[in-house]
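Have a look at these structures, which come just after this line.
Both complexes shown next keep chain A, but they swap its partner, so chain B is in the first and chain C is in the second.
Moving on, here comes the complex of A and B:
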């Protein structure tokens, strides 16, 4: 294996909804594949089939079904004690051995609400139906709403709003959720944000910089909005701020300003800013359907599965040739 | 009404005997050919292309995704000489990537347990 790389990974922060980590010593193509896998290839649960029994609300059946589909559903993994990967427990119906639906491939939600169930107050004009009114057939699968009990106590609403009922209206339906991936429909997408950014590499040309006047150096420092540069109090030279890697975003002004300070256009740059080609800071933010750590694990596993499958196919082709 | 199934974007058409990868050697250029990856997109295409470019035996590699509604990629590979053929270098590239991906998962789990340990250590001290 002459062309192997040995990537390094370092977790920067982790919370119930967001994970940031630094991936290094690998290539942009790997980072981008991981990003694309996070967005489009992680299997999750979402409502896919809705049978509406009675609907006298102001919304059409189709409109309601679409709203139901958008609700992130989470699967509580008993073994891991947190909201985990539903593909461990469920199968996609087309891969399932059953003929017409079983608890391994479909989760059924029922919703039956009428106005009088919700309120006794004669002055109330409307009541909201939310995702909290959905009753699941599987106690481990529930609509995602709050990340913590504290958040639930502080929040004004009970869940994700579906429709409002006026006096005398009711809604009875049955919704079935299944495993899918977001290549089929974006409702199965587990992430709200999955991005990576490049770490900046800043090189100071000290001999050239020391020929500038203190005022010019101060101008260079001032023109960076992110305060990535500063003047050393003792020597009066430009030095890098300690956390420039996290702060640097916009360095275009620096480029133009130093062009104007050069004696001739061919002179070396005073300060060069480049993007690192091997270090990436990933941010993965979940929609609430899975813990971001589980999303990342699932994406990496799918990536490996896919490569193993391609390897097998490729070996088959080579033998045939 | 005549829209293709959504799943057709990523599942092989088994009724028409569609294969994941097919290979067509180039009739004009020696040591060259086109691999067609059915139901794949830039996710795998770009990854494999970049890995192949790191191999000094590979003279040329490029891929194209003909149309957003055509779910396949065509990858042309030409090797430097007759000692290696395109199929071998492709297999080697995918094999290297599989190892790397395995590494990545291991590193992620290591980093995660290390991070959790540090977190617990910190809260322990604060309490």
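Moving on, here comes the complex of A and C:
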């Protein structure tokens, strides 16, 4: 079977909120599909219905509800021992067998805070209600919070700030969260950033380059804003900079300068910088709702489900076309 | 039900196939470039001996439909439907490999840190 290579993946850096990895031996269409799945199709939990019982704050009910919806909610996966895929425990309400909502399709939160709850100090003018004040009905589901002690120490609040209360103000509401994906509303997006860049493939035409003067070579090196080339101290020839793979930005300056240096337009280029067709560096930054490795796995699982559905549909349609 | 339920356009059919068995157009509902581009690429690059033409389009971004056109060289050999199923299987394996590798590589890093 020709061309049946399977992708290789090598993790470059990993932290609780960001993952960078190199995906290779696969086509750009697969890389783009991974990116699109990470952004649009990973199911997560977010608040979708809010019942406001009392709101004497300075923000309107709808404004507060919108802010509540945007809070990333994380689900602790006991088997994987990290924040993972909520679709393992929850179902979307329209797929659920219950009539009117049950703990399998909705997670309930309550928020009840008044000014006097937060401070005894008579001089305090305002207090903040944050996502830390939301009380969940499911112990595995909670609003996303700090990922390291350093973050916690540097933070101004205990959680994501929702609204500030003045003396005598009170907020009491119930919120229900459900599973959804980013195609429906951006609040369900699990990533802040999901992007990939190409690794450069640079070819140096050494015979042609050695015919240039040192000054011309220095010009070629300096015209690159991403500084992917440099002059070797000993030989005076052009060589690649150490971290050229990370720095390349594929600008056209080098190309235009070479056009002007060439003897005739048909001559070969001195240096060609091309985007690799099979090596991509991904950066996946989570919003805090799931570990980035879990987000990637969930994206690939959802893609496999789509393919199974398509195969099933194909099999169901007979050849009487 | 959500109080925000708004009337939505009817969902397109999951799949309808037009043309002949060796020269088919697949109209796949609720799908877009995410599915179309890699399928098209796999049809062209890994089934070069049987698929003579493969292309996809999203006719209009407001209509959530994917058009995939697959034409075969020989009548009597693999049908267009079979080649699409084969491409789905290959893509499914590619996704599995990515999923397993990312977990395995991450496991190694976690172990090294301990």
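Following the convention adopted for this analysis, the second predicted complex is superposed on the first by the 307 of 321 C-alpha atoms of A that agree within 3 Å, B and C clash if a C-alpha of one lies under 4 Å from a C-alpha of the other, contacts with A are read in each partner's own complex, and residues count from 1 in each chain.
The rule is short, and it goes like this: a residue touches a chain if its C-beta (ideal position, glycine included) is under 8 Å from a C-beta of that chain, and two chains touch if they have at least 3 such contacts.
All values derive from a computational prediction rather than experimental measurement.
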Once the two structures are overlaid on chain A, check if chain B and chain C clash or fit side by side. clash
Between chain B (first) and chain C (second), which does A:48 come into contact with in this model arrangement: first, second, both, or neither? second
Which partner chains sit in contact with A:300 here, chain B, chain C, both or neither? Use first/second/both/neither. both
Which superposed partner A:132 touches (first chain B, second chain C, both, neither): neither
Can A:36 be said to touch chain B (first), chain C (second), both, or neither? both
A:21 contacts which: chain B (first), chain C (second), both, neither? both
Chain B versus chain C as contact partner of A:184, first or second or both or neither: first
Between chain B and chain C, which residues of chain A are contacted by each of them? 1-4, 6-11, 14, 21, 23, 26-27, 29-30, 32-34, 36-37, 40-41, 293, 296-297, 300-301, 303-304, 306-311, 313-317, 321
For chain B, which residues are in contact with chain A within the complex? 6-7, 9-11, 19-23, 25, 35, 37, 40, 42-44, 46-51, 54-55, 85, 87-88, 90-105, 107-112, 114-115, 119
Using the touch rule from the top, collect the residues of chain A that touch chain B in their complex. 1-11, 14, 21, 23, 26-30, 32-34, 36-37, 40-41, 94, 181, 183-185, 293, 296-297, 300-301, 303-304, 306-311, 313-318, 321
Under the stated contact criterion, what part of chain A meets chain C in this complex? 1-4, 6-11, 14, 19, 21, 23, 26-27, 29-30, 32-34, 36-37, 40-41, 48-49, 93, 293, 296-297, 300-301, 303-304, 306-311, 313-317, 319, 321
Residue ranges of chain C in contact with chain A within the complex: 1-3, 14-21, 24, 28, 31, 33-35, 37-38, 40-41, 45-46, 48, 79, 81, 84-85, 88-99, 101-103, 105-106, 109
